[in-house]
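All chains are identified by letter, namely A, B, C and D, in their written order; residue positions are counted from 1 within each chain.
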Amino acid sequence: MIFTSDNVVGASDKVMAGLAVANSGALASYGADPITQRVEAAFDALFERKVTSFLVTTGTAANALAIAAMVPPYAAALCHRESHIIDDECGAPEFFAGGAKLVGIAGTGAKLSARAIAAHLAEEPGGTNHPPFRGISLSQATECGMVHRLDEIRAIAETAHAAGMSLHMDGARFANALLTLGCTPAEMTWKAGVDCLSFGGTKNGCLMAEAVIFFNEKLAEDFKFRRKRAGQTVSKGRLLSAQFEAYLDAGHWLDLAAKANGAATRLSLELAAIPGVRLAWPTEANEVFVILKREVIAALRARGAAFYEWTAKSLAPDDRLAEDEDVVRLVCSFATSSAEVERFIDIVRSNPVQGG
Amino acid sequence: MIFTSDNVVGASDKVMAGLAVANSGALASYGADPITQRVEAAFDALFERKVTSFLVTTGTAANALAIAAMVPPYAAALCHRESHIIDDECGAPEFFAGGAKLVGIAGTGAKLSARAIAAHLAEEPGGTNHPPFRGISLSQATECGMVHRLDEIRAIAETAHAAGMSLHMDGARFANALLTLGCTPAEMTWKAGVDCLSFGGTKNGCLMAEAVIFFNEKLAEDFKFRRKRAGQTVSKGRLLSAQFEAYLDAGHWLDLAAKANGAATRLSLELAAIPGVRLAWPTEANEVFVILKREVIAALRARGAAFYEWTAKSLAPDDRLAEDEDVVRLVCSFATSSAEVERFIDIVRSNPVQGG
Amino acid sequence: MIFTSDNVVGASDKVMAGLAVANSGALASYGADPITQRVEAAFDALFERKVTSFLVTTGTAANALAIAAMVPPYAAALCHRESHIIDDECGAPEFFAGGAKLVGIAGTGAKLSARAIAAHLAEEPGGTNHPPFRGISLSQATECGMVHRLDEIRAIAETAHAAGMSLHMDGARFANALLTLGCTPAEMTWKAGVDCLSFGGTKNGCLMAEAVIFFNEKLAEDFKFRRKRAGQTVSKGRLLSAQFEAYLDAGHWLDLAAKANGAATRLSLELAAIPGVRLAWPTEANEVFVILKREVIAALRARGAAFYEWTAKSLAPDDRLAEDEDVVRLVCSFATSSAEVERFIDIVRSNPVQGG
Amino acid sequence: MIFTSDNVVGASDKVMAGLAVANSGALASYGADPITQRVEAAFDALFERKVTSFLVTTGTAANALAIAAMVPPYAAALCHRESHIIDDECGAPEFFAGGAKLVGIAGTGAKLSARAIAAHLAEEPGGTNHPPFRGISLSQATECGMVHRLDEIRAIAETAHAAGMSLHMDGARFANALLTLGCTPAEMTWKAGVDCLSFGGTKNGCLMAEAVIFFNEKLAEDFKFRRKRAGQTVSKGRLLSAQFEAYLDAGHWLDLAAKANGAATRLSLELAAIPGVRLAWPTEANEVFVILKREVIAALRARGAAFYEWTAKSLAPDDRLAEDEDVVRLVCSFATSSAEVERFIDIVRSNPVQGG
């Protein structure tokens, strides 16, 4: 019953096998290998257009490099105040972007909205006391497991572009969000106005494989230098490209996400049906955020369940925790088993305190 | 006949197998996995003392992070003017160290010497026009394939410490240099006064595994934050730790280096014995730098040999290229075959121009 | 009736005269002039101990350099969410501190409190997702014209030091706050636990003269290099030192602040006595924050009064603006005349809307 | 006999008087004062076109900000290896430009040449190991007191632009160089292809007044934010603008430079006429670099002359110091008196060692 994160499991068998096969023989280094070239073509196909893609090692690096490409050192980016980039990356975006500022705004379920962004911009004083906003970063899915709808992304992109900002999507859980919307990768990104994307593979079946995808060519112009000087240009590039090749092959990445989302959906539905249990936010990807009584949380831990408690800051305005409640985050991965899900539900259900 | 670099081959079979085994099951993320803990213990054993080790993804990141730990943003580090950190990492050390300066000095075979360092320091004007020197970085082996002797390292360390500087060793080819000196890892590092080390695995049999090893605890204090915000804290930490575990197991890393050095030695000895051929610098690790006539170089390429030409800037003061000569770099890896070596030698030997 | 800021007037006659006298003759450059040395001694005398002082050109530079001296690039500083450093300096602290983070917290009247700081620290998750806090910056007086009491500063300093943080005081209006507390400069700074201070002269009678004063010697160690590389080491150092010499001579600086505070006090008392008018925050230095009806604000502007409207975010929790009200900031300087004050009061008093 | 620098004297009487007059009354802050607007118009007139000008406090800040505007953090700038920006500003350009690299090249008299630049660029390896060059900075006059001719500047600008680089001119001694060329400010800058200029006032009669002038509008776009976050936006802007207004008025700045150049010319001519004395480089502005015997240098010092010895690195290729010689730098300012010059010459002339 490990629900701490989707990064506690290794790679899928298919990804691992792809890596093993690619290991043999001599290949050009620093991303000039043929596998990387095939992966670049795969990204073009995936997004139904020519894109510029760069493989990097971590999601933090992908996000921070993308933000640095959008936002000059004297400028700022808007994001949700609980977004990963502002709250979980130890200042990486500020570092990569040379001291640029991140400004966090509020929103239920860690979602951004065009309205909240416009309201924030309307209060800007002008002059030079504030750095100018040049970028917006939204997370898809969000830190609270919610998914921005296509029209929401489009509205955010329009607001961004009208104000001279570029739009970045942190897609650490891109596949999980995509399945929920039932749309194409193109629709969820450039067709909705996204300028660049952190395309995550690690949380959904790779060991370590992330890509920065540019739909706005101008932002990509000097990115190869940024990646190199960030220590993200891998010498044996096949390590990253071979994982991606297997990951993207024949819809494997979507199959993996479907398993994770399925486990989360089941967990969510059955937990929400237990009297006294409610969801903090709707389950829209592979993460369940459920409000439980502290005693139940203790019982779960005592019986071997692993998970994190979560901040309630982004609850809907009319929602509130009771004194004896906490929010709990349950992350499912492609490897989450039915048995784990069932056992977790059983413990909650059987607990008299909660059930009361 | 691929002699372009030791990073054109994948991982050794043993390393790859270790990675495959470590892939299964759930493990704590961000380096809290038991394999990482075993690797940390292995480094303690290797260096015969408690060290603080951090796994990172690339040599550039290892070097740049180590230099940032030694040198504050308003200060400077000394290195050889052809060192990898100043000449091949696209400004990564300056970036990671917040704009700190690298100052390169000369030396035959890309070696640093205590004397050259002291001479440079003696010319410093004082005042605040120059940033203060806080670190020295030496490469072991150097960019010209040479190895600093223990007494040379000790003298450099003494000069560094006497002037308030820390000493970093770029050990991208640590194993290759170690075999040449025939000493222990402890002797080549902290016993000689090295404060921190980039311990390379990638070039010598891993797919991607580098470590920053601190012998000076003070420098390691906040390093975990530096690594995180540099996007170098890998979520599925087993990727790095499993490679290192296999790499360090039962002397595997030294076996690999012995193969690479052996191939280089043979290549070097046989080439140097050919009339008209001479070495640019002595072959002291797994790289051969040989001076060939341009016609011979063309013939080698025509017959399928791959390699780079190299700068002659660090030739010994009394050495010089003839008009029709160039320096060629030949890098051997653990996977370099005898057949490749023999074929290369045959082409040079059979060439009437060179032989003349 | 110019109440926009205390930086709209030039230098006091005495300061200007001092500058003119110092202009003649040859003097050593870059702060090695005898006037600078006398100013350094004057700061020692002022603070009743040896301090390390550095003259710089602007308050932004003073603050940003001081924060950089406290907070390494991978760390963070706490401050009030409306503080000048986080909200009015276009990211200067983040730039000077190499990408370090500023984190703003709430507090009535833009004051920090040990309790609010402790509460914030208590919620820190540990690990490396957040950069470690290494500094706190408080403004004396605050952006809302309030003054931290000695016991409040001491409590903040204790909280800071207990958590491994240094304490910086932004003293852009140091003299104004000092008069209010009726204590010595030593009591308001190092005796209360302040580690470094931005000592402002510009707003209170100089043309441009700011100093960074270190009570904690360790922080001052390499500051001369930081100042130089920030372009803040002035070649004709007498420009800054001569202003400070006149400013500090015979209590001139306190005389100037007394005039400014006196004007503000009078303005505040008389405005608050007008029916329907109330203060946003108590007037504790040279700034009055008064809540006026929008019609009255318009009338003031129509009759030539100049001032800024201000955010009401830091009102006391039980206070709130009415629909037709706004907060107005009125800054008095040493040059504010009684006539200006009286005319302003008359307009408000005579206005039937407000008076109602 | 103070020849250490042109920054050891205060402001000219006219500049000081202008400052005193501007001190009285209330003026808008942060550069919105009418004097600043008049100075901006004066720069337009001076350069015979619309320029974008920003007043800043120090030459280091002017240079570092200008370079940051040209060169992104992941890129590099070329300059002479003895230029002020690379050798005397404690890493300020690297700091302001976010870790960008400065690369220094050689040239007699600290001059850059299109040929040397082109030769350097021709050796660039391509790929991403080196950051891309985006700017060139030349000093006018140079660190060795020489002046680039108009055709030389044009050739450098052409080389720069052809390679995608902008051209910056460090004009700390702009007026001195301009007089030597006998051309217009427009001819020495934008008409020759200069993109941005550090226009120095401090060394030539101001107390502290520098400007960054942009001829290439694109580089100026966001410069106001850069200046603000660098702590270079002065609140009482009249301090800088009033100095510049007096400095530029009725050719005052050229009168001052003429005095400085005249003193240097006389010193140079008479020294060079003394047997055994020779110039290190021709005297082309207000600095004399003369090669003297060490005994003579000691005698000068013993009799009260103040000056610095200088590096001989940029002597012409066929020139060389004798064992007992050193280069001495003598800087004349607008305040250098004939008496000082004569006395210096007398000491050299009367010295038997030199005269021998």
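By definition in this document, a contact is a pair of C-beta atoms (placed from the backbone, for glycine too) under 8 Å apart; a residue touches a chain by one contact, two chains touch by 3 or more.
Quick caveat: nothing in here was measured; it's all calculated off a predicted structure.
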A-B compared against A-C, more contacting pairs: A-B
Maximum centroid distance from chain A, chain identifier (CA atoms): D
Distance between the centres, which are taken as Cα means, of chain B and chain A, whole angstrom: 36
Whole-Å gap between the CA centroids of chain B and chain C: 51
Centre-to-centre distance between chain C and chain A (centres being mean Cα positions), rounded to whole Å: 41
Per-residue multi-chain contacts in chain C, two or more chains: 73-74, 89-91, 95, 98-99, 128-129, 131, 225, 228-229, 233
Parts of chain C lying in touch with chain D, wherever the complex brings them together: 2, 4-5, 7-11, 16, 19-20, 22-29, 56-62, 64-65, 89-92, 95-96, 202-203, 207-208, 225, 228-236, 238-239, 335
Chain D residues within the chain B interface of the complex: 73-74, 76, 87-91, 94-95, 97-101, 128-131
Residues on chain D engaged by chain A in the complex (per definition of touch): 30, 72-75, 98-99, 128-129, 131-132, 222, 224-229, 233
